Amino acid sequence: MAKSWKEWEKPILELEEGIDKLEQLIAVERDVEKKASLALRAQEYREKLHKFIDVRYSRLGPWEKVLVARAETRPYTLDIINAVFDEFVELDGDRRIGTDHAVVAGPASLEGRPVMVVGQQKGRNIQERGYRNFAMAKPEGYRKAIRMFEMAERFRMPVVTIVDTPAADPGVESESRGISEAIAASMLSMFSLTVPIVSVIIGEGGSGGAIGIAAANRVLMLEHSVYSVIPPEGCAAILWRDPAKGPQAAAALKLTAQSAHELGLVEEVIPEPFGGAHRDPGETADRIKEAMLRHLAEVAMSSPEAIKQARYDRFRILGRFSGQ
Amino acid sequence: MAKSWKEWEKPILELEEGIDKLEQLIAVERDVEKKASLALRAQEYREKLHKFIDVRYSRLGPWEKVLVARAETRPYTLDIINAVFDEFVELDGDRRIGTDHAVVAGPASLEGRPVMVVGQQKGRNIQERGYRNFAMAKPEGYRKAIRMFEMAERFRMPVVTIVDTPAADPGVESESRGISEAIAASMLSMFSLTVPIVSVIIGEGGSGGAIGIAAANRVLMLEHSVYSVIPPEGCAAILWRDPAKGPQAAAALKLTAQSAHELGLVEEVIPEPFGGAHRDPGETADRIKEAMLRHLAEVAMSSPEAIKQARYDRFRILGRFSGQ
Amino acid sequence: MLVRKPAGGQPNPNFVQCVNCKKTLFTAEFEASLRVCQYCGHHHRLNWRQRVAFTFDADSFVETDTGISSLDPLEFPEYAEKHQQAQAKTGMVDSVICGTALLDGRPVSVAVSDFHFMGGSMGSVSGEKVTRALERGANEGMPVIIFCASGGARMQEGLLSLMQMAKTTAAVELCRTRGVPYIAVFTDPTMAGVLASYASVADVILAEPKALVGFAGARVSKQAQVHKAPDDFQTAEFVFRSGMLDRIVPRREMRSTLVSLVRLLGGHLHLEAKKVG
Amino acid sequence: MLVRKPAGGQPNPNFVQCVNCKKTLFTAEFEASLRVCQYCGHHHRLNWRQRVAFTFDADSFVETDTGISSLDPLEFPEYAEKHQQAQAKTGMVDSVICGTALLDGRPVSVAVSDFHFMGGSMGSVSGEKVTRALERGANEGMPVIIFCASGGARMQEGLLSLMQMAKTTAAVELCRTRGVPYIAVFTDPTMAGVLASYASVADVILAEPKALVGFAGARVSKQAQVHKAPDDFQTAEFVFRSGMLDRIVPRREMRSTLVSLVRLLGGHLHLEAKKVG
């Protein structure tokens, strides 16, 4: 089992490189027959690649899902926001102590209707990752989110949250500014709202960091996203004192979108385009948008108080035990 | 005009020392006639002192009021709390970043009835002053106050605030944690409550630092307390580029309890015991308690929404201008 | 203020000098760029008329509450004279102008503080006007936009000025209760009693670049702790890092940002207005 | 746990050793001082029965919701065995006990987490019990008191455990809506998924001295930033300075503090109960 995205993607990259090289040869080849033969080979490669991707992505194991969900080529929150909404005005500040670029938030226009958006943002290169703190939100991020939730309530705006975080920030400063309180208070705020809330997990739904902005009426997951109580490596370190056993832990934790759906913890798994969201971010965004609109409309059919109650009821029944 | 409390108190202290010395002489004097003559002199001194204090405290000028209001012998907030309430459980924390010992807060029992108390606390010696930051609240202090206001609303507890601060903390760290926002948010929170709020200014009502916890249904002032938009020294520094002209500024600012009452900005001036609150803290507390109970009862006659509206209306009419 | 460049003893109205980088600018270009220096980006202070003209739909601003004017309730030394001088200099009655306007066709309730009138200080009249702007928004379901520019409370009206902090904040609470969005824009400077009241509790807070924003006079707060203060202490940039601002918005983008915010945050008001109409 | 001093190979039940200072204590005195070391003040961990006995009116505690017990919904490796061992060791069904009790004669809704059961970890059953304790308080107008002692969410129930964070927090919101006071007591340790859910949003939070309180395992959060961590990082004292606690309360004062808080914050419930009765 591949331990990293890079290792796992290798056969695909090699096939793609092969096709690239063939295309280059075809472009400079003057002999018509040879050109045709090369084209045939390129076509075979393409079919092989297509089939390889097809097979692979139709039977991703839990650990492979983790790799895909974390892939740096995967569309991130702002990619989705820019594609889904006609307009987005990013707002900032927790009105307490600071800004947090791991969280992006603000009002947006969804097919002309105002919504409030809160999401976690990863970075693609080293600079961005530092700036976004690897999408690990600090207390400031959750408190910014709370500000947005409260505004959404006042201005009767449905709320959309977009989850993509490995975890909340575990640093010393976050502890000293109450990261735990901030996560809990963010959920508390969400449970107080009478406007619809829909959450979409687009990549990593990392434990407390994720649920902190996912106390929604409906929770949707992209097909290859994951949602887990603990990172598999952390689980393996505790259970087997071996972080390298992440793949085994991933299986034990049942962290795939499919498992979450089977357990009744998410309302819908949004299918990803052929070969994963990263192969067609535009189509991915379209599908998210369609699901988002549909679920928001369904939730909005109820009265404000009923919307709040439905959210309570949704979470109230979660848990598996015997007896009464 | 005396520039300091020490200078101003000097004649009283000298008389008191004189009396002390006479008492000592009397105690050791064996000659009956001499003893009687000393006792007579002591009595004269006592009458002189009494008269001196009487005259002085019945016609305190604005600057003298400032000196008295700031006197370190004056009863401070915790002195008043301990004397007025049967029980007080101090609570702490802004649930954001820290504690602030310039603000003391928590539920208390007033004649057996629960109330929520928030006050500013000065220190009497160097250690205490450091610990209390000279009663200059930081953002944490106002955010702790907001927590208490919100609890008071949830648990239907009337609120009592006790004001005694030279100003809110003006330091760099307070700026970086939003001292302005904290003061404004504290007022905003008070205006949102539907339980009665009574504020008592017991010493210094220092500008934004004071109004931050004084957006009440009723505002009461101890007779020799002051309430000002700016410290007189600061006003003098701006107006005349001379902080030493504080006494003139104090007069111009009309910062006495009597002026505030005449301007219609406070509901009641609570008379202090003979020679000022510091000469009888117990009696001072009794008078505060009586006024507090009376005003709380009056405000509580209205419905919750009417209590909130009355607070709005109270402040809505403040201001002096011509025209409509 | 801008210093017109002397040419042969007489200022030449075709040129102005940037107060920050001191470069000479064509007046026409300078006005066309909303009084932002093309060289250093310095946002020069605006008077209220310029602010209104740069922000709202052309000719849509209607001033209200023009009838109220200041008294001298404390008979404070030199206040009456200073106040009259400010009136003569600015043509304003007091430091705040309020009214209604259209923003991309949508009605908004507006207050604009003008620093040129006694440093934009807040006394009874400006506090009343800010309160009325907020109440008008709350009562008529119009988003409220307030441009702040103030050194703080006006000490010449003593405690009455302090009370304006509470009064205006109460009106913000009314907007919250009614679900009416309130957007504050911090312009240079937004300080003290204004910052510590209605300004800081806006739903959304925008600021112009480099605007001075702070609670205490920089002198006071730096006194003891000068070593701790960053270079940009009490600027919009510092205050943004402190989490107190939503965005720092260059002047040329201010109108369009406000248009978007009013449309997105005020959508429910629009819908309700439609239902009624 | 306490290590009984061996005497001739056999532990002597008359003596115990303090886990902190290692001094030998008379068992009777140790129990009389609520299992606080008389030498170093160390607060030894309590099981739920001791906690109930030390806190509420004698014999007033009535356990509820005893019928629910854990499943192994994920068929997680070794979970079933570990869970059975924990049951055998503690005599508990799961890590949280809930019920009602009297506190100085006033009814309260109670949940107590016991660290001895799988580190007090929160799975479906403990999440359900905490939720029921909060709901019972909300619905019947009883103040809620929860003693926390947990390493966090129980990973063997995977996402179901994570969902308990949201579920319990929702029940706290219900208490807020109903005006029912909820007091949390952080005992050693209160961590991770429990701290980041119902524990941290209590109206009043008390903690026992030196209790470990934190979000991330100390190893994780210190890894990168060990130089920044104070000596008392993730103790109640550190968390108090961070503004997250109301009071650190020595065990001997815990009951009286809770009595006062319930009386003062629950006064309105009392009045309403009177009206009804």
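By written order: A, B, C and D. Residues from 1 in each chain.
As a convention for this text, contacts are C-beta pairs under 8 Å (C-beta built on N, C-alpha and C of every residue); 3 or more make two chains touch, one makes a residue touch a chain.
Everything numeric here is computed off the predicted structure, so don't read it as measured data.
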Identify the chains adjacent to both subunit A and subunit D in the sense defined at the top. B
State the chain with the largest centre-to-centre distance from subunit B, centres being mean CA positions. A
Nearest whole angstrom, what separates the Cα centre of subunit A from the Cα centre of subunit C? 41
Length of the line joining the C-alpha centres of subunit A and subunit B, rounded to whole Å: 55
Computed distance of Cα centres, subunit C from subunit B, in Å: 34
Can you list the residues of subunit B that touch 2 or more other chains? 95-97, 176-178, 181, 185
Among the residues of subunit C, which ones contact at least 2 other chains? 176, 200, 242-244
Could you tell me which shape the graph of touching chains takes: line, ring, star, complete or other? other
Got a list of which chains touch which? A-B, A-C, A-D, B-C, B-D
Could you please specify the touching residues of subunit C with respect to subunit B in the complex? 67-71, 73-74, 76-78, 123-125, 127-128, 131, 153, 155, 157-167, 169-170, 172-174, 176-177, 192-193, 195-201, 214-216, 220-222, 224-225, 228-229, 233-234, 238, 242-244
Residue positions on subunit A within touch of subunit B in the complex are 95-97, 139, 143, 176-178, 181, 185
Touch list for subunit D against partner subunit B, complex: 176, 179, 181, 200, 203-205, 240-247, 257, 260-261, 263-268
Across the complex, what residues on subunit B touch subunit D? 87, 89-99, 106-109, 113-114, 140, 144, 151, 154-157
List of subunit B residues in touch with subunit C within their complex: 168, 170-181, 183-185, 187-188, 191-192, 207-208, 210-212, 214-215, 227-230, 234-235, 238-239, 252-255, 259-260, 263, 265, 311-312, 315-316, 318-324
